[in-house]
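In what follows, structures are represented as structure tokens.
First chain A sits with chain B, and in the next complex the same chain sits with chain C.
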Partner chain A sequence: MSLFLLSLAAFAGAALCCLSLAVLRPTRQRARLANLLGVLGASAGSAVGLWAILSTPFATPLEVTLPFGLPVGACTLSIDPLGRLFLLPVFVLGALTAVKGAFSLAHELTSHNLAVHWFFFLMLLLGMSLVMAANDTVLFLLSWEIMSLAPFFLIDFHDSEKQVRDASWIYLTAAHLGAVFLLALFVLLWQKTGTTTISSPETISIISGFSPELRSLLFVLALLGFGAKAGLAPMHVWLPEAHPAAPSHVSALLSGAMINAGLYGILRVTSILSLRSTPESWWGWTLLVLGLATALTGIFKALAQSNLKRLLAYSSVENMGIMLMGAGVGLIGYTTKNFWMTTFGFAACLYHMLNHAAFKGLLFLGAGEVLHATGTVNMAYLGGLHKKMPLLGLLFAVGAASIASLPPFNGFVSEYLLALALLDAPRLVGSEQQVGVLLSLVGLGVISGFALALYVKAYGIPFLGTPRSGFSRTVHAPTPLSLWPLVLLALLCLLLSLAAARIFPHLAGAVSSSFPPPHTWDVASLLQDATNGLSTICLTSLGLIFLSLLFLLFRSILLRGKKQEVRGTWSCGYQESSPRIQYTDAGFTEPSARFLKTLMGVTATVRLDNDIFPKESHLSVSAPPRLIRLFYTPLFQGIETVCNALKIMQHGKIHIYILYILVTLCVLLIWGVY
Partner chain B sequence: MLFDSCLFLLLVSNFLLLATPHIRQMTKYTALQGILLALLLLLFGHTILTVAVLLIKGILLPGLLWHTQKRLPPDSLICPRKLAAFDVVCGMAGLAFAIWLDDRLIVTQELFPPLFLSLGLTTLFCGFILIIGRIKAITHVIGYLVAENGIFLLGMPLMTKGTTWFELALLLDVFVAVFVMGIAINRISDSFASIDVARFRSLRD
Partner chain C sequence: MSQPLLHALHFVLALLLSPLLFGIINRVKAKVAGRHGKPLLQTYFDLIKLLRKGCVRSDCTTPVFTLAPCIQISATVLALYFLPLGGVASPAGFAGDFLLVSYLLAAGRFVIMLAALDTGSSFEGMGASREATFSAFAEPVLFLAMIVLTSFYMDLGHSEAYAFSLGTLFGGQSALAWLNGKLELLFIPPVFFLLLLVENSRIPVDDPTTHLELTMIHEVMILDHSGPDLALILYASTVKLWFFASLIASLFIPPMQIWQESLLWLLLIFLLAVILGLLESSMARLRLHRVPALIGAAGMMAALALILSQMR
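For the complex of A and B:
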């Protein structure tokens, strides 16, 4: 545990150094020093933290109470297997995104106060680490607040642009609306248990005595509070605004590690509410249905985007939905005493969380490279980037294949585990439950299919074909040295797939520690079955990789010494092909938009020239944020109207203000008497 | 006997404050309240505080108010008579509420001499009523002083050796507050040619 504390101290120390640099007048030298301090602090802290959680046995919980307490509550840190799993993306992505960030920010030494940026980056890492380890209500809320506030300043990096400023405010509003529910949750928990400790045998035994209504209320508060952070539909609206606005290394960290904190919170609270008492059956169903709705919303909206980073942001919503589906089916299994469903459901959720951190980190960093190289992430202007930046193209392709759940990459393994959990539906009691879970399996199939289409578009349109505009004709290709964080993430995508049989027992261990199985369940036999299945997948994946390499070798042997001719992609036999002959991102989306118009909230505009010899036609697809327009804007306008109506009380008459005090005093006195 | 007379006179002074429309008269009653408070303190046996209260509440603060009034035009020192009648009715309600509370606040029964709590609360309410009911800035200062007298009365039986310093600090606080308000009123009358607080609304954002 001391190593973990050392990692926290590294984050805090480096943050303080950056803060002291931030108050000084920014110069090129100071910016360079801040860049160095930031990346050193983040990577050293992350490396030590990673060592702390990997060097001790995975199942052993670590706990420490720091001697300097808070005014209320205690500085109690505890890392159990669940916490360890959620800390992994924080440290891995923390280090890699910091390195990538340092490379990108080296071009902005004079335009921004980098010390401020690194201060908040390190605070975000500190906040996330503390959130996953805090075992005290007050400490948790403090850490949550640090974690929620820091991204506001990180997203606001290019604050001269109005769109960026709006995005950061939307983020801040969403984060704090969620925090209101969390405050209610933890205050209620504190009031009813009489202690600020979140998870201890005493707290668990008190919570097990709660009435079902109270436990359900706590569950709903957790779902609303943590769901806002996780991007649960319909509270996901901040994600597609914040991620495109933030610098890419920040988007990668937010999407790969920070939104996981929401999922962690939901799992943690559900775990302490279910440890010694059976959870209500509707909790699992709520998670499953919300997860499915979130994933479908995310994927449909993502398909209609032409901004690569916005597409990735919506894809994060989709992936968070898949994770919640895993948690939902796991909880349904736990409620109905179905061990297979419990283990596979929760393990799929946790596995997908790790996978998502790897491939989404890779994709966001890749999108950042595209932005840096071409100056835009609008796919309508890109094309043919693979030829100009082959390594980046390859890495992006690996990320896209992983997230589209294609074997031999990691996305396939977690969705396979989720499908296994859902396939156990026939063992549930009651046909409505069986049909419900099987329908979710159909939903998962739909989501996976559309995800494949999405990433064919996300990779194909910008990277394949020929340049569509001047943006992709002249590119500043990144140096291979600056791409090594992406290479590591791509390797991680492969490793998470090939080592699935070794990783799964740890996930199952984390599930058993948070949702302990009754003694009657045959844990060893299930683990054996699962490991056998996953080993087969690993072997098949290895075979696939080997065959691909063999094919490439065979191809190069066949082509040796022969003259090769290079032709434009999509030329399709035309003598005079032009970039306009290629599929555009709108053209890619339009067929699905035709029959999923309502679900996707897409408007496709087609302008055709109906002459015998048509000159120019135009197709555009847009997905306006319906939820903001139809729900959030009227809601906040209503709140503003009510608040304005309350201005009647703020009339400027001082003596009437004092009357308010007198009335309050009298009411309090009367209340005190009764 | 002397103690009860003091309490009675304090109560009367409260209602006289509410009933009079003349600000000069109100200042005199405030001075009377200060002297009565000092007398009560003497009966409780706090000699140092007696001197301090007599100096600050009995002489210094009313003196300051008197000095301020001299600088103001005479017609600005009279409040509408109708308001004063309404204030007395409110004061009566305050007295009734205080007596009602006195019966019910069980914890304080042994601590306070009979009627002491009611008087303290009534004085506090009267101070508030003066602030709420009158529109001149200077009556706000007087109301603030009267409300503070009520708080002082409530704190008096709780006094032990240690809390003397607390009470002295309270006195200092009131002194500074009134001093600042005195300056503010002077400045307001210089700038706005009126000390009518209703006109402060124009300063609202």
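For the complex of A and C:
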């Protein structure tokens, strides 16, 4: 535990150094120093933190109460297996995105005050680590605020652009509206239990005595508050705005590690509400249905995007949905005392969380490289990047295959676990429940089918073919040395698949520590079934790689000494071809957009010149965020109108304000007397 | 003979005989049209010819283009290995192996679509776009059909590890079940038949023999492949056809003597090829926007089977 505190101290210390640099006049040297300090602090802290959570046995909880407390509550930190799992992406992505960030910020030494950026980056890391470890209501809320505020300043990096400023405001609004529900949740919990400790045997036994209505209220508050962070539909609107606006290393960290905090909160609160008492049966169903809705919203909107980073952001929404589906089916299993469903559901949720951190980190960093190399992430302008940057192309392809859940990569393992949990539906009582869970497996089929199409597009359109415009003709290729964080993440994608049989028991352990099984459940035989399947998957993955190499060898032996020509692509006999005849991103998804018009919300405007000799004509395809336009904008405008109406009371006349004070005092006096 | 050895034998048999299916389909189509037609072994001749040729590669392609056929054939062959073949369960089977199999096939599609986009040709992009859309529609239907079978075995009170594996779902029990009156299971073979048409790009979903690239899906994606690469792709598509035909055939093979099972298996697969030939001679390709309706019909049938089996 002292190692973990050391890592927190490293984040805090480096952040303080950056802060002191930030107040000085920015110069080139100071910016370079800040860049160095930031990456050193982040990677040293992360390395120590990683050592802290991996060096001790996974199942042992670590606990410490610092002697210097907060004004209210105690400074209690405790790391249980669940916390450990959620800390892994924080530290791994924290270090890797910091390194990548330092490489890319080295080009912006003079244009921005980098010390400020690094201060907030380190604060974000500190906040996230504290959130996963805090075992005290007040400490948790404090670290949650640190974690929620820091990204505002990180997203706002290119603050000279209006779009970026708007995006960071949308982020801030979403983060704070979520925090309101959390405040209510924790105050209520504090009031009813009489202690600020979140989870201890005493609080658990008090909570198990709550009425079902109160526990359901707490669950709903947690779902709203943490759901806003996790990007639960329809509260996901901030993700596709914030991620494209932020620098890519920040988007990678936010998407791979920070939104997990929302999921962590949901799991934690559900766990303390379900320990020693049965959870209400509708909780699990709510999570499952909301998860499915979130995932479907995410995938269909992602399919409609042409901005690579916005596409990845919507895909994060989709992946959060998959994780919530896992949590939902796990909770349904726990409620109905179904061990198979509980273990596989929650384990799928946790495994997908780890996987998502690996591949989404990789993809966002890759998109950042594309942006840096070409100056745009609009896929309609890109093309042929694989040829210019082979290593980046390969890494992005690995990320795309992983997230499309294709063997031999890791995305497949978590979808497999989730499907196993959902398949167990016939064990539930009542055919409507059985059919409900089974149909959500069909939903998973829809999601994974379209995820395949999505990532063929996300990799194929920008990286393959020929350049579609001047953007990808003049490319500043990254040096292979600066790509090593991406290489590590790609290796992690492969490793998380090949070592699945080793990792699963730890996940099952984490599940049974948060949702403890009754003694009657046969743990050993379930683990046996799971390991059996996972090791066959691992062997098949290796077999796929090996067999492909064998066929490649076979092909090259066959071709030895034969004529191998390189010619232009066959274009129906026409000799002069143009890169503009290639399929664009919008063209690629046109069939889907036609069949799923209402779901994807793609609008195309065509302006044709109908003269005898046609001149220029225009076609633009876009997928505007309908939810913001049709729901949130009217909502907030309504609130603004109401607030403006209240300005009657605020007119700047001192004597009337004094009258308000007098009236308030009188009312309070009368209230106090009676 | 032991089970794994028998399975291996059937596996080799499947790999050897799969190109014959195209021959049968073509011969049936020729006979219906009143022609004599190509030799039955034409696909073998084509494969050998292609393997002996050199290759032409487009100047805008990357290693993705060369790797794709190798990965696709590996994934397809591995997927076939997990199927019960000729009534013998695969020794590699495990709970939920049908997911691995369907994602292996998806991996094959993924690389071929990427190879198509790699050539920078508008035709191949078009093919990739259509393949991506239609396979996305087909995926949930495949899941639904599998779910009907798994929940059938779960309702019989079997353990998860037993009920979720392909060896059970396509072992002899399913055929016995519908023979014994579980008639809702008879909805499943037509569903797989429609999936076969979609996944293997057969008429009425796709017409591999049309003269116009604009109307094709699978064939248009591989326009630029040649020589051994094309041979691998062609062979992979025959194996894939065998895969789906074997899935359907397995649903009709009740537990019997092992030689009877193998014989019935081969007969049923060849019969399916004949049916495909007859179907292809009797109807034209659907318009592209009607294809989702076809997949939807398959999905409806599977959903009906699920509801009927849950009602019991």
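Basically, the second predicted complex is superposed on the first by the 634 of 674 C-alpha atoms of A that agree within 3 Å, B and C clash if a C-alpha of one lies under 4 Å from a C-alpha of the other, contacts with A are read in each partner's own complex, and residues count from 1 in each chain.
Just so it is clear, a contact is a pair of C-beta atoms (placed from the backbone, for glycine too) under 8 Å apart; a residue touches a chain by one contact, two chains touch by 3 or more.
Bear in mind the structure is a predicted one, so any value in this text is a computation, not a measurement.
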According to the stated criteria, A:647 is in contact with first (chain B), second (chain C), both, or neither; which is it? neither
Can A:566 be said to touch chain B (first), chain C (second), both, or neither? second
Between chain B (first) and chain C (second), which, if any, makes contact with A:544: first, second, both or neither? second
Quick one: is A:588 in contact with chain B, with chain C, with both, or with neither? Answer first, second, both or neither. second
Counting touched residues of chain A, say whether chain B or chain C comes out ahead. C
Does chain B (first) or chain C (second) touch A:615, or do both, or does neither? neither
Contacts of A:384 with chain B and chain C, given as first, second, both or neither: second
Residue numbers of chain A touching chain B in their complex, please. 650-656, 658-659, 661-662, 665-666, 669, 672-673
Residue ranges of chain B in contact with chain A within the complex: 97, 101, 104-105, 125, 128-129, 131-135, 140, 197-198, 200-204
Tell me, which parts of chain C touch chain A in their complex? 51-60, 62-64, 66-67, 69-71, 73-75, 77-78, 92, 94-97, 99-100, 103-104, 106-107, 109-110, 113-114, 117-123, 125-126, 128-130, 132-133, 135-144, 147, 150-151, 154-155, 160-161, 164, 213, 223-224, 227-229, 232, 288-289, 292, 306-307, 310-311
What residues of chain A sit close enough to touch chain C in their complex? 340, 383-384, 386-387, 390, 393, 397, 401, 404-407, 412, 415-416, 419-420, 423-427, 431, 434-435, 438, 441-446, 448-450, 452-453, 455-457, 459-461, 464-466, 529, 532-533, 536-537, 539-540, 543-544, 547-552, 554-555, 558-559, 562-572, 579, 581-583, 587-592, 594-595
